[in-house]
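Chain lettering (A, B, C, D, E, F, G, H, I and J) follows the sequence in which the chains are written, and residue indices restart at 1 in each chain.
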Amino acid sequence: MSDTPTRAQAARSVLAAKKRLGLRWDKIAEAVDRSVEWSTSALLGQQTLTADQARAAGDLLELDPATVEALTWPPDRGAEASDTTDPLVYRLTEVVQVYGSTISELVREEFGDGIVSAIDFELDLHRVEDPKGDRVVITLNGKFLPYRVW
Amino acid sequence: MSDTPTRAQAARSVLAAKKRLGLRWDKIAEAVDRSVEWSTSALLGQQTLTADQARAAGDLLELDPATVEALTWPPDRGAEASDTTDPLVYRLTEVVQVYGSTISELVREEFGDGIVSAIDFELDLHRVEDPKGDRVVITLNGKFLPYRVW
Amino acid sequence: MSDTPTRAQAARSVLAAKKRLGLRWDKIAEAVDRSVEWSTSALLGQQTLTADQARAAGDLLELDPATVEALTWPPDRGAEASDTTDPLVYRLTEVVQVYGSTISELVREEFGDGIVSAIDFELDLHRVEDPKGDRVVITLNGKFLPYRVW
Amino acid sequence: MSDTPTRAQAARSVLAAKKRLGLRWDKIAEAVDRSVEWSTSALLGQQTLTADQARAAGDLLELDPATVEALTWPPDRGAEASDTTDPLVYRLTEVVQVYGSTISELVREEFGDGIVSAIDFELDLHRVEDPKGDRVVITLNGKFLPYRVW
Amino acid sequence: MSDTPTRAQAARSVLAAKKRLGLRWDKIAEAVDRSVEWSTSALLGQQTLTADQARAAGDLLELDPATVEALTWPPDRGAEASDTTDPLVYRLTEVVQVYGSTISELVREEFGDGIVSAIDFELDLHRVEDPKGDRVVITLNGKFLPYRVW
Amino acid sequence: MSDTPTRAQAARSVLAAKKRLGLRWDKIAEAVDRSVEWSTSALLGQQTLTADQARAAGDLLELDPATVEALTWPPDRGAEASDTTDPLVYRLTEVVQVYGSTISELVREEFGDGIVSAIDFELDLHRVEDPKGDRVVITLNGKFLPYRVW
Amino acid sequence: MSDTPTRAQAARSVLAAKKRLGLRWDKIAEAVDRSVEWSTSALLGQQTLTADQARAAGDLLELDPATVEALTWPPDRGAEASDTTDPLVYRLTEVVQVYGSTISELVREEFGDGIVSAIDFELDLHRVEDPKGDRVVITLNGKFLPYRVW
Amino acid sequence: MSDTPTRAQAARSVLAAKKRLGLRWDKIAEAVDRSVEWSTSALLGQQTLTADQARAAGDLLELDPATVEALTWPPDRGAEASDTTDPLVYRLTEVVQVYGSTISELVREEFGDGIVSAIDFELDLHRVEDPKGDRVVITLNGKFLPYRVW
Amino acid sequence: MSDTPTRAQAARSVLAAKKRLGLRWDKIAEAVDRSVEWSTSALLGQQTLTADQARAAGDLLELDPATVEALTWPPDRGAEASDTTDPLVYRLTEVVQVYGSTISELVREEFGDGIVSAIDFELDLHRVEDPKGDRVVITLNGKFLPYRVW
Amino acid sequence: MSDTPTRAQAARSVLAAKKRLGLRWDKIAEAVDRSVEWSTSALLGQQTLTADQARAAGDLLELDPATVEALTWPPDRGAEASDTTDPLVYRLTEVVQVYGSTISELVREEFGDGIVSAIDFELDLHRVEDPKGDRVVITLNGKFLPYRVW
C-alpha cells in the first residue's frame, strides 16, 4: 500500500501534469464527463472518482497507475484540506461571516425551519464581463432540508 | 449616548417588530428602496443605513427614534456578530471548506492571480422549485481584483 | 421587545416550573403532542414550537405569556447553547471521537459517498433493564444523503 | 522496533488490502469473531486485538507479520485519531451539540445524577429501507453510571 | 424562577456565610452527613444535594430559602466552573500532563484495556506531617472499567 | 549526534523491548532500583535517569547503546508529550476540572495560602480488590508550599 | 454577601482612591508594612491580605468597609486576571519565549533537574539611571526545587 | 543549501557536543567572548552569531563546518522555538501572569506611559546560597521606552 | 469610583458626541493640540491624555466631568480592545501575514538584527487622489532597535 | 513532479544563494525588474513570478532549474507561511491591535463605509536617518474600496 499516494499527493501530481501539458480544467472535465466545477474538486481530492473517471483523467494527464488508483480513494473533505487563511478563500469565509445572518433570515422566512444542503449541492462559477472590472459569479445551489418533527 | 441601543439591540427590535406586524423582508426592502438581501443585512446590523433609509424602515416597523438613530451607526461586521456553529450557517462554512480549493483554481485559471471581492459584492438568494424538493440558490457576485505588481 | 425573554431564559423558566409542579417530560410531551425527545429539545430551546404547541405547554407549566411567546422564536442551535465539557455530554463527544472513523467506513461501504442527515433526523432514548446495571440506549436515526454529482 | 508500523499505518494497510481483495467488513468481522462494528473499529486502530484476532484478520487480509503485530499494540483513541471536521463525522458532532442538553435532561430524569458510559458501551449501525430515502440507524448503548456519594 | 440563584451564586453565598460564622468544612460535612470532600464539592456546586442535605447545610450556614433551593439544582461540572490556570489547580493539571502516560501504562499492565472511572470515584485529601515541610496527600479512588467487546 | 534517538523514540524502544521480552514494570523498576511509578515515568521519558540507571535498564531490556545514552538526556515534560484526549488520561483531567475548586478550598483551609508541589511530589498507584469491581487507587503526595510574603 | 465586591472590583477602588488622594505605592506599602512589590500585587488582587493589613490600607486609602473586607478574600491568580496582550506585559511574555530555553539550560547545569519556584518567590523592581535612557531592572528570586526521586 | 542544518538542528548538535566533551556554558561563553547568558541563548538558536563567534564556538565544540555555518543564520525567536508548557518555563509564564499587573503599575508610576524593552535587554542568572535551600536569581534588565506622542 | 466610566465607555461617549455635534477628528485634534492620528487613538482609549488635553477635548465635545476624568486613566491597548475580524482591520492583519517575512528580510539587511519599535512610533494616514480610485496611504514610522549583545 | 521544490523550499534556496553570493535585495530586484519590496516578497514565496522573472532571478542567484520552476508556482499567502510570534513581525501585529480602531475611524470619516485593499496594494520600506536613532518607515498604500449597495 505504501506505493499508493494520498489524495493530497495525487492532487499535486494532477496540478503538475496540467501545467506541464498546458491543459485547462474544461478539457479535463470533458474527459471525466462531468461539470468543470465537480471535476476540478474531484481531481483536487474533494470528491470520489469512479475507476472509469480516474482512468480517463489519468490518460489525458499522463498520470502513473498508482496516482490513478489514488484518485478512487475516499476524498479529504476535512478542514485541514483547505487553507481558509489564504486571501482568496478568506474572502469567502468573510462573506459567510457578514451575510450568514441574512441568509438564515431569508431562508427561514421563505422555507421555514431547516438548512441548505451542502451535500445535495451544486457549485457553478463563471466570469461576467463588466466595463468597471469583470466579476466572478459563484452560484451555490442546495436543496432545502426541513428539520424533522416527530 | 447611553440611550442609543447598539446595532445588535436594534436588530432584535427590528425582528420583534417585523413579527408583531406580520411584515415580510421584501416589504421592508421596498421602504428602504434597496434589494431584499441588502436591506435585510442592513437591518440586521451589517450595513450602514442613511438617515433617510433608517427613517423609512422605522416608519414601517414603528420603531422608536433611538432605534432609528442606532440603525445609522457603523455596522458590526466582525466574527462575533455571526454564529458560524448554527447548523444553517455551518453548512455554508463547510461549502467554503470543501470547495475553497476548487474556487481558487478556477479563478486563478480564468483571471490570473487575485481575489474575489467581498466588498464590491452582491448577494442574491431565491427559491427554485423542484419536484424532488425545492432548492435554495445563493449567488455570490464579486469583482475580480488582481494583485498589484509594482 | 425587551419584555420577551430569550430562548435560554425561557428554557430556565420551563425547568423551574417543571420542578415546582412535579411534572415529567412525557406529560409535557403529551401536551405538545409530539415525542418526548422532540418536545424536550423544543422546550430547552433547540426546536421551533408553533403557537399552539407553545400555548399547550404554557398552560400545563403555568408560564407567563411572554415566556410562551419566546418559545415560538427561532431556536438556539449553535455551539454556545451546549456545554460539551459537562461530563455526561462529553461522553457522547468521546463516542464520536473514538467511533467516528468506524461509522464513516460502514456508512460508505453500505451506502456509498454521502452523510447521515442531522436535519432529517430523529432521536430516541430509553432505558433497558440489565441485572449488571441498567443501560441507556440512544438511537440516532438519520436519512442517508448521497453527495450530488453534476 | 522501528520495523513495527504504528496503529495508523496498520489501519491504512488494512484498508488497502480490503480494497484490493474486494472484502467487506462483515467478512472481516467473521474472521475476528466479533460484531462488524467492533471489528471495524479495532482494525481502524481504536480497540485492542488479541494475538489470535490479529492473526485471523491478517490471514484473511494477507497482511505482513509486522502489520499483524502492530494490530495488537494499544489503540489510538485520542482526538487526533479522528477528523471531526469531515462532513460525515461533523454531522454526529452537531447532533451532540443540538441534542446534548435533551439527552442530559432525559437521563437525569430517568436515572438520576450520572453519565452514560462510553466504555461499557456498544455501537450498532444498520440500514433501514424507506421509500423517501433509506436511513442510517446508529444505536449507542451504554451502561448508566451513577455519581458515587461518599 | 428569576429569584433562584445559580449554583455559582449559591456557592459564593456559602463561602461568605462560612467566613462570617467562622465554620470549618468538617463541621458543614457533619450537617450534610457525608465526607468532607464530597460535602465541600457539593456546596461549591459540583454535586447534587438532596432537599434534606440542602436544608441541613442551610440551617447551619443560615442561608436564605432561595439559596437552599438552588443547592438542589443540577451541578455545574463543565470546564467553565473550574479555573485551571489558578496556580494551585494548575499544579494538578501538570501532574496529569507529566504522569498521564505512566498511569496509562500501569493501569493497562495491571487491569488490561480500560479506564479509571471519574464517576464511581472518591476523593480523599489529608495532611501528613513531615519535618521537612508538611505534605498534602490526595487520593483518587476510581473503579476500573474495562472496554466492552461485543 | 544524529545517531542519538529522542526521548520519545527511546520510550517506544523500551515499550517494544518490554513486550518482546515479556517483562513487567516492577521487574524493570528493580533494575533501576527505584519505585515502579518513578521508573515507569523515567523510561517513558518524563524523568532524568543517571548513567547507571540507564545502563541497568538497558541491560535488562537489551537496548542498544544509543538508546541507553538517550535515556540520560533531559526529559520531555511539556504538554505535547502527553495526549490528554486519550480516554484514560481525560478522566484524570476531568477529575481536576470537577474537584479542583474542592481541593483549593480544603488546602487553603488546612494550610493557608499556597500550593501542592508537583515537583517535590510522589505518585503511587495500586489495585484495591472490590467485589463490585476492583478499583484503581492513585495517590498524589506533594509538599505544601506557602506563598512567600516579603 | 452580595454587598462584598470582588477582588477585581476592590482593586479598581484602590486605584481610584490612590489617584484621588495622590498617593504613591511606597506610601501604601508602608501602611501594609511589606515591600512595595508585594503590597502592590496584594492590593491589585494577587495576594491574601490579613485583616490588619487590609485595615491599614483601607484607612490610608479611605476605603469603605466592604472593600476592606474584600481585600481579605482569596486572590485572583488565574490567567483571566492578567491581560498578557497588553504591550508592557507582552514584552515580559516575549522574554520568556526568547530566553526560556536559556534559563532551562543554565538552571539544569547549575542545580540539576528541577524548577525555579514561583511560590517561594520574591519580585523586585527598580530604576537604574543610564545616560542612554534609564532602565527597569526586574529581579525574579525563586527557590530552586529539585524533582523528587522515590 | 540542503546541507545546512536549521538553527534548531545546530542547537541539538551543540548540546550533544557539549555533553560528549564535558564542557560547561561558561567555558563556551569564554570562547564566544560574551556573557554566559547571551552565549547560551545564541548557541541555542536565539541570537545571531558573527562568523568569528561561530568559528570560536565550533572549534571548542568540534562542530562540523555546516553546523558552524548554520550558527550564523537568523535566529528562531518565535513561539514555536520555546515550549512554555515545560514545567520550568511554565513557572516563569506564571510569574508574568501573577505579577504582570504589579509590574505595569510600578513601571507606570515611576516612568510614565511606556514599556520595558525586550530588545535593548540583558538577562543575568546566578545562584544565591541559602541555608533553607539555594535560590535562582534571574535579573531582567531592559531600557524603559516611553510611548511617543506626536 | 463606580461613577467613572471605563475607557471603552468614554470612547463611546466621544463618538456619540462627535456625531451629534457634527465635528471632525481634525477639529478635535486641534483642541488636543496633537496630530489627528494620535488624538483619535487617544480619544478611542489607546493613549494617555493629560488632564489639560482631556479638558480641552471635553469642552469641545461637551462631555460630562466623569467622562473627562476617564480619559486620563491608563489606556486599553490589549487585544480585546480591537476587533481584528472586522473586515477593514482584517485587511491590515493580512498585510502583516503576507508581507511580514519581506519586512523582516529588508529590515535585517539594512539595519542588522533588531526590530521596528511600536512604542517609539508614529502613524500617519492620508488620502491620495487617483483617477482609478483614491488610495489610503498609511505610514508606519518606528525607530529601529538593535538587539543588545552583552 | 516530486522533483519540484515547494515555494517554501525555493525561498530557503534563494536565501542560501543570496548569502553565499553576497547579493543584496536591490540587486535581485533589478534582475526581476520590479521594486525591491515586491521582488523580495515574490522570492520569499508571496507573489507569482512570470517565467521570465524567475529565470532572471535564477540566473543571478545560480539556482537549479527545478527551483526556478518552483518560483512560478502559486504563492503561499496563508497564515502558516508567516510566523507572527517572531518579535519583529509581532510589533507590526501590535500596531494593528493598538491602532486598528483609529485607522477604521479615520478611513470611515474620510472615505465612507469601505476598506483599504490588501490586493490593489503597494508596500514601501526605507530608512530615515535620525540623530536619536535611525527609523524604519513602512508605507502601506492601498486603494479604498467602498461597500457596494444594491
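Methods note: contacts are C-beta pairs under 8 Å (C-beta built on N, C-alpha and C of every residue); 3 or more make two chains touch, one makes a residue touch a chain.
As the structure is a prediction and not an experimental result, all values here were calculated from the model.
Touching chain G and chain H together: E, F, I, J. Of the two chain pairs examined here, D-E and A-I, the one linked by more C-beta pairs in contact is D-E.
Centroids built from CA atoms put chain E at 50 Å from chain A.
Averaged C-alpha coordinates put the centre of chain C at 25 Å from the centre of chain D. Between chain D and chain F, the centres computed from C-alpha atoms are 29 Å apart.
The distance from the centre of chain G to the centre of chain J, with each centre set as the mean of the Cα atoms, comes to 42 Å. Among all residues of chain A, those that touch two or more other chains are 37, 77-79, 83, 85-87, 94, 97-98, 114-115, 117-121, 145. Chain contact summary for the complex, chain I toward chain G: residues 1, 4, 77-80, 118-119.
Chain D makes touch with chain E in their complex at residues 34-35, 37-38, 47-48, 74-75, 108, 113-115, 117, 119-122, 145-150. Touching chain C in their complex are the following residues of chain B: 12-13, 15-17, 83, 85-87. Contact residues of chain B toward chain D in the complex are 85, 87, 90, 94, 97-98. For chain G in complex with chain H, the residues that touch the partner chain are 24-25, 36-37, 40-41, 44, 46, 77-79, 81-84, 86-89, 91-107, 109-111, 114-118, 120-121, 123, 125, 127-128, 130, 132-145.
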